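Labels run A, B, C and D following the written order; every chain starts at residue 1.
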């Protein structure tokens, strides 16, 4: 339901934007220029595009359904040494001008629409263009869209991101890349390394998506597990910092314990010590666990702890405050006791 | 049922051994000597006692329900510079000669019996003797027994072990210690450091037990989670070594992935690469998860993933082969597909 | 992936069949006749269509991608008092001749394709035709397709089935119906009551699907729960028949205990007493739990026991024999112990 | 910890009561009379004892640690045709006068203490006395205590209760009985049928306990499952009463859906329709699930849904209000959404 609504909105917006005359701007880059195109100027994409634009020597073209985001991006680049930003009227328009396209979109349906929908990338794509999709979406959708790009004579890699908004701002993201061959990976790496620190090839098409969701599956389980272990230890009378230090030098050690420990005060830089702010929101973890569930169903992989963790996060996300806090807030959910309902 | 049977057997054995004339040996150490006493010469204790005996300058006294184990220990020490090992006729007998007592026993019931049963330690204990219990048992039982030792005018610490048989042989164990005060801890450390590398004070009485089971709870969850994530990734087409390397540098990293990865071939030194041999047996993990469950019930701590992990291991342990393999064998259980039942 | 493949195959088959000349047969019913059309002559649909055909006074038209199934159906009806069966060349062809259409298809993708695909029902549908979809599919897909039917000037109800192949043969099925209004329900009931005993209106469009999957969710949980309780009782020494009789007159009673008890021998007519044959296959339960999971994700409904039950069945279905046995075989999975791996 | 405290308190109270002079009352029944003795005048026992006393022709003797409870019971019986109630000074005192003893106590530790502790039943028990323990406790403890009774020359059955306080008041309880032989069962039934409607022999010693906890395990799972299915259906737009009626005539039907449906308003007589009052309290269900967990551990029976249900109830019971509401309140826990934490 929701997805179809989004898709329709997407199509509508493309047309609407074209009608509103984005043409006047888009003429600033000729059809034959080899621009870098960037679609999706959201919380992640905005910062990423800035890093990429500043470090690239070719024309830069952007598109977003939200025209305000495009204007803001243009304004943000006005102090750049290359201030001319081409605002495309549609993904197809952007594709017609670009030899490299980076997309950063929220969900599978948006990626499908932006690539294969009306006025989508496939309608304007040029031979040999490299499409880099940094969205985190269903592995099956990612592979399917990439194959359509390749069938159109262009090239595609999936390159989902790890590192969050902080990493996007700092240009320190990790990209997990799936590509048909090493050459596509190497070319994508040239651009991705301008937005992040680590660019890792995970395998064939879809492998970037697969690696990312497998990592996040284990992350979700480890975090709930750390919350359970810390809560038990505290109730048994242990000092949380002492317990964490023991776990962190023993076989229970994990990122959720030694870097993002969910108990406030144990690690000063962890979201839990900042009222669960500034981390990876519960509702985003829940979204990724939905991708995990789809992949598990497709491949008939049993996930006993994984599916339970997903549903715990779904329960937690019923609380609007917690849905927008770092997912380590599961500790609060677990440990809370109250006198009344 | 089982426990009561063991306890009865224990009592019986104490008496039987006394009747069989262990006296002739025990006269080799006078009542007034300040021996180190060691009770429990099982797979762990045997190696630990050897390390401790070789590095101690005082008489050494041992007790085990199994007289063969005592004879074997005596033989194993015959090449020592201090070859005289006193074989006690009962825990009480041992206690009457010792100023330090180390116990390494399988379950809560054995600890209760050896300390508080007929012919138990409390019947022979001297003022000021330091009792170091390195068994992994119920936190509540541990605290209770320690308090009885203290009420008898002696001192007690709990010091469960991490590191397994390999660590016991190598003298590289970690001890997690709970003690009433820093002084008891420091004295215990003098002895424990002869059997291990790390000796950590976790807090008050019982804190050693608590820290150990909290660590193992998180370990059990992380291992099942790693198995689920690796299985999903492999079925999605990822190379297991590549997936592990990505996880190990990302937020999913944990000991179960980077040190004991459950997929054969990923880490050459892991039990999974040795047909799940040489690690921490499934049935021992299951035993520890039983202690976790007791502590969770006592403290009313919800364990959603933890209790599921316990029951997964209980299901796996129904297979005798897997019960005796390293607990990372959960990956095989999860990933297995078959054509017939 | 799989779904797209199926859809393509579907489209291809429609065209192929048309090319092969199903026309010669379809001329036996004129365009203006008000036929009953039936699409999907699989294990369920075949028997249902026979019941409906024998009790209907109007021309009967069928379509299936598998032309053999159509021939077999025609042969099976040759002894009927109304032996003329129209074999349609496509869903569109069938729709052009029918005032009532019943569809019984395996998955959401097939329903989407048969209704909205190339040569689909919507291409041939007549005003006022009542479409009855008895497939068990995603609630969101069901509502979406029904709305497209209605937008085309026709009418639609969802009417998924409970009762299995035995019920289809015996004409004793239960239909759970979702309809826009009571009138559509009443007209659908006229036809559905020829194939089943109970026809219940569950609410608005999609309500039939919703009710069915909610029932099956609870069924799956109850069955695993019954298996756990029976296994525990048996291991505690209880006679399974005595335990079942106590549960069945107490607060634990449920269909899974009193009608389909998973322990062989407790209920003679249960699949468990027939080597888990003749019931509701594990892989079909798993399919329905997949629909449950989709609905839960769409509505943000936490399913803690439900998602665990789904993943237990996914684990069990990795065994090909068990995948084709009645889903009460979970008892065997749970209770099995073995000496070797 | 807690249990030991209770036990000590128990011992203390026995002595205290004796010192306070219960003797003057107990002389009203001679040592040789064959009284019925009743120990445990709590919420259940008080009502049960009244029913039994009114229908029995022999002297009636009671004991409770709480002397007020005894006084209240005496007062409550003052209008009886047999108003003389003997208040025993200890379980031993009561046992010395009784040929039948009924015990209704809260936990395993209390049963152990009342039977085998200082001034306990075993210190005063007569040959041939039939001990009927209607407490719900650990199966292993129950069997152990019964065997000690039998070893003392008396007889024992376990007869835990189903039916709650309402059933105790109405005299409509169900008793699940474990006995060594049919004769003991028949004699126990004579007395139990005065307090309840159904008296069922479940098997050998301990079988009553085993049957009860297996039933309650399935009950707990069914209730959480019903809550999940109802919540999903409601969020999909179904009317809860319609959904319940469909489930109740389909394969999902169970006591938790058709008798105690957890959604308010579906069934007028269910606790959910009375603000979750008047049923089986969450904390009592949690206690029974603790007995289930012990039995599962002893018998190595995996409980995947069962242990998850236990931990869900443990989480819920962290809320004091819900801990004292009927356990169907799990629906509220599951369905609740909030704007803030």
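Simple rule for what comes next: a residue touches a chain if its C-beta (ideal position, glycine included) is under 8 Å from a C-beta of that chain, and two chains touch if they have at least 3 such contacts.
Chains and their UniProt names: A, B, C, D = 3-hydroxyisobutyrate dehydrogenase.
Worth saying up front: this structure is predicted, and the values here are computed from it rather than measured.
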{"item": "Numbering shared by both copies at the subunit D-subunit A contact, with half separating same from different", "value": "same"}
{"item": "Most distant chain from subunit A, judged by the mean position of its C-alpha atoms", "value": "D"}
{"item": "CA centroid of subunit B to CA centroid of subunit D, Å", "value": "38"}
{"item": "Centre-to-centre distance between subunit C and subunit B (centres being mean Cα positions), rounded to whole Å", "value": "55"}
{"item": "Centre-of-Cα separation between subunit B and subunit A, whole angstrom", "value": "45"}
{"item": "Shared interface positions of subunit A, touching two or more other chains", "value": "296, 300-304, 308, 312, 315, 318, 334"}
{"item": "Interface residues, subunit B side, partner subunit D - complex", "value": "1-2, 4, 140, 143-144, 290, 293, 296-298, 300-304, 307-308, 310-312, 314-315, 317-318"}
{"item": "Residues of subunit A defined as touching subunit D within the complex", "value": "304, 308, 315, 318-322, 325, 332, 334, 336-341"}
{"item": "Subunit C contact footprint on subunit D (complex, rising order)", "value": "139, 162, 174, 176, 198, 200, 202-204, 206-207, 210-211, 213-219, 221-222, 224-226, 228-233, 235-239, 242-243, 246-247, 249-257, 259-260, 292, 295-296, 299-306, 308-309, 312, 334"}
